[in-house]
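Quick heads-up: structures coming right below.
Across the two complexes that follow, subunit A remains constant while its partner is subunit B and subsequently subunit C.
So, the complex of A and B:
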């Protein structure tokens, strides 16, 4: 039986990280915005939802919506000073932004309980299920979220909006010369990405029921990057596949840990080294990742084709 | 009346005076050529007018409104667009996607509409698709419609920038060496298309060409830029005979 629970846990984490990877891919793969502080969205979504529910007594659904909204708002806010920055400065600014959020969670104890974290976070519809069946329900909830977000993001990236984002990624000056308000578009992309990652944060918090700043270290951003590098960018399926691969590796080596004569710290470090190596190998030998960006082909009427 | 008026425009790069008190006028519904030796400041003029570079002095009016100081995208929305001498070709957007990208005021560019007003969005997309295919036909790019723009040859990229400009359909189009690298037959044909657009739809063109030959047939007026200054202005006939211009070209080349 424990194997099943381990499997459910693994799949649940894959689902949460799929959302995070899709969000990062939306920024990096589609819009060309390098974000080294992606974990900030995750953190804000988790804390906002938990605190709204535990401290403000809001209903769970409002916690989720609030988590998404605040994380989207954060996407908006970091876009304001950074929107005129060139790509490399943008990257540094987001890295700093990510740490600022975690340090706020750590130090603003009156609100966040500081290093102790938020405990006893309630779970949605918990009373409907037994202790044994609840994890399975939650897995379905997350699977549904992944499906919906996949669908919504696909609609967006296939729309004129998504076409603009890809054009910004490839040739920003061209977009300007065609009258596109690239600042506004980048801002909108960050808000969308923030909301998706915020949802992942809320789902995570209400799943593990206890969060602390420890959960939101820069290493998480590193994992999300590994996912989109391995899975492929500019392609939502690639992000999901990347989340599967990296989580499988990350979690299964934790499992193996018990059978290898290495301390857990050493194991953790070794895991990151191996993921780092994987990133390098992919960048060198398969820079497009496992699934490459799909070419957009328009359906034409017959009169055009003959 | 649609007019582009430039007064005393200045642009410096360090101690280099790339534009030295340039004043000129482009009348609506005409084709104006801008020629001059390499490095004389032609592209810089376009960059400043289209809002990509900040000016160091002077004024720019379009349709009677000040446009200097506006962002490039704001200037485009007023009806003035430009192409680039070194073509911008989004690597992972197909030729057809490029054309679709250029269409103006698409409601699907707003994420909310893209999700919740899909029938209207796809109706507009269909209309744009028809127009894009018609234009690609003229430019002989139909067979390349599903190629990535980044994979095109230099000449094909030039054609695509023209295509985008026609798709965007502004009132005044600044073209930076539109036929460089395009084979002669097609280049001649393109100039004819430009002429037709000007006659039929009342479009205005301001065209940079490195060589006099290419545009003298279609221009109503030609301006000559040398060392950042307008050194001559007149009909193609007059310019061709101008001693000073000939000398500048000989020394510049």
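So, the complex of A and C:
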């Protein structure tokens, strides 16, 4: 039944993009770091994991860990300039950083096979399942990852660490004046976000089993941005909802494309026009997104005042 | 952006790779063929490198000026700027190839048309944001969305196939050891004249005075009865016109396709930041410096370094042309890290 397989594919992609959107939301919605190179984490996670497994012959679990670690390391590296750069300059630098990562994957053919991509990437626990039931298993694996990451990130953002990050987002100077090491906090936030996105990349590579630089074009970053703008920044459910909405739209229009007398290029262009307009319209008329951030108000108790 | 030209993703990658690289590298005469051992083992033809840099610098500076002006007055980085320019270049294409107008006339008609679109976008999107006093970051993300939408509207109207203008193939002529076509000489001259006009505009007109006043102190300017909204409209007009000229030049030199806007965005940002963002003269200088750096890095032969100063035989080693887009990225990041105010600083 192809419809069921299509649904499983759709849900799997929604899961992977939820992780990416949560990671971006952690940077943008909680810490206030405008990252236009989010796809670089995704790319590094996917390439590191698949190359470790296919070329170095490492076990799969090591591939996943390696992908997350390298991606976290990249988060560390690109967070270094935040100490001296203003938000908009840093955003331009991250856009450039994302492109450099893709160009490296494209040009360093000895390692990444260049434009031909890495092929026949093994899948975890493949031998336990039949060809038909494996996608369902992978869906559960991804759902489990999304749940775990959701809880871990919620724990982090409700902890004093998360409150410090929000303080950086709202008033960085105030945060500094309270003696917080904002530079270190930003760095930690980027490493956490990088690891989450790296996990998404590894999950993607081992699901698709074939990756090439084509999978990691800047347009992916724009999709993730559309997700967090539509879903709402500053809360994890918003990021997941955004991933659901945008992926449903993105994949279903591809599905409908077969029935509409328009070329695939026209459909793809139309889809991106709508996503671009969605970003603009949401920012203009619903800047908080579908799910708005619940701001905690700490009431002063009377005895504290007295 | 998806590219439907290939059915198989690997092939697709190769095609877009060629599209990305060839346009910037097709200058055949730029290849280093004189193995004159200038500076040890560096093989380059200086006058040719300078000539090529002048051409690319002229193109980039026309785009960087608009970007830097918008940043100066509205305080946000306009990620859609290069896409406005490519929109104009496509209008020029239609006027030139479909209606058969000459390129010069086509630019004169297309530039105000694009500027009008730019002003409409400003009134519809950026003006409400200004009125709401939204954060600059919101405007920046908005411009990213506009860029995506615009790029794909171009794809809807003109398809993703590459286009060229109706320019006859020219035989290059030799000037001081460098070989240039008449088109390239025209680009350099137009760039130079545009810069002079921009300088006069900034210092000899009422608009320029108002623009400088707003850039210095917006509150004080409005207290002096300067209608900032009107000045902002004119600023968009000029930024778009210059952008269309730059975009058309790049399309003349290379190829025209809808994603061109994204491909030139980083070099343009780099040029603007290199010279000190908000400073139009810096943008010109930054564009020239970046163009020179791009050409020199690609012409450098690293075999001297790799062979540890000629200890053993190594063939010529040069940076893969696939990394040409990366050069401006690396320069951009380096400038941002070590001198975020640019060469000239912020005015």
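The rule is short, and it goes like this: the second predicted complex is superposed on the first by the 295 of 306 C-alpha atoms of A that agree within 3 Å, B and C clash if a C-alpha of one lies under 4 Å from a C-alpha of the other, contacts with A are read in each partner's own complex, and residues count from 1 in each chain.
Keep this in mind: contacts are C-beta pairs under 8 Å (C-beta built on N, C-alpha and C of every residue); 3 or more make two chains touch, one makes a residue touch a chain.
Every value quoted in this text rests on a predicted model; they were computed, and no experiment measured them.
S.K.: Determine, under the contact definition given at the top, whether A:2 touches first (subunit B), second (subunit C), both, or neither.
M.R.: neither
S.K.: Once chain A of both complexes is superposed, is A:162 in touch with subunit B (first), subunit C (second), both, or neither?
M.R.: first
S.K.: Between subunit B (first) and subunit C (second), which does A:261 come into contact with in this model arrangement: first, second, both, or neither?
M.R.: neither
S.K.: Which partner, once the models are overlaid, touches more of subunit A's residues, subunit C or subunit B?
M.R.: C
S.K.: Just to be sure I read the superposition right, which of the two partners does A:180 touch: subunit B = first, subunit C = second, or both, or neither?
M.R.: In the superposition, A:180 touches subunit B alone.
S.K.: Counting only touches as set out at the top, which of subunit B and subunit C does A:116 meet: first, second, both, neither?
M.R.: second
S.K.: Contacts for A:57 in the overlay, against subunit B (first) and subunit C (second): which applies, first, second, both or neither?
M.R.: neither
S.K.: Regarding the shared-chain residue A:293, is it in contact with subunit B (first), subunit C (second), both, or neither?
M.R.: First partner only.
S.K.: Which residues of subunit B touch subunit A in their complex?
M.R.: Counting only subunit B, the residues touching subunit A are 50-52, 71-73, 76-77, 81-84, 88-94, 96-97, 100-102, 104, 106, 108-111, 114-115, 118, 121, 125, 129-130, 133, 142, 146, 148, 150, 164, 168.
S.K.: Which stretch or stretches of subunit A touch subunit C in the complex?
M.R.: It is residues 34, 36, 81, 84-93, 95-97, 99-100, 103, 106-107, 115-117, 210, 212-215, 217-219, 222, 225-226, 229, 263-266, 268-273, 275-280, 283-284, 287 of subunit A that touch subunit C.
S.K.: Where on subunit A does subunit B make contact in their complex?
M.R.: Answer in residue numbers: 152, 155-156, 159-164, 166-167, 169-171, 173-182, 185, 188, 192, 234, 293, 295-298, 300-301, 304.
S.K.: Touching subunit A in the complex: which residues of subunit C?
M.R.: Within the complex, subunit C touches subunit A at residues 1-2, 4, 9-10, 12-14, 16-17, 76-77, 125, 128-129, 134, 136-138, 140-142, 144-153, 155-156, 159-160, 262, 265-266, 269-270, 273, 320, 322-323, 325-326, 328-330, 332-333, 336-337, 340.
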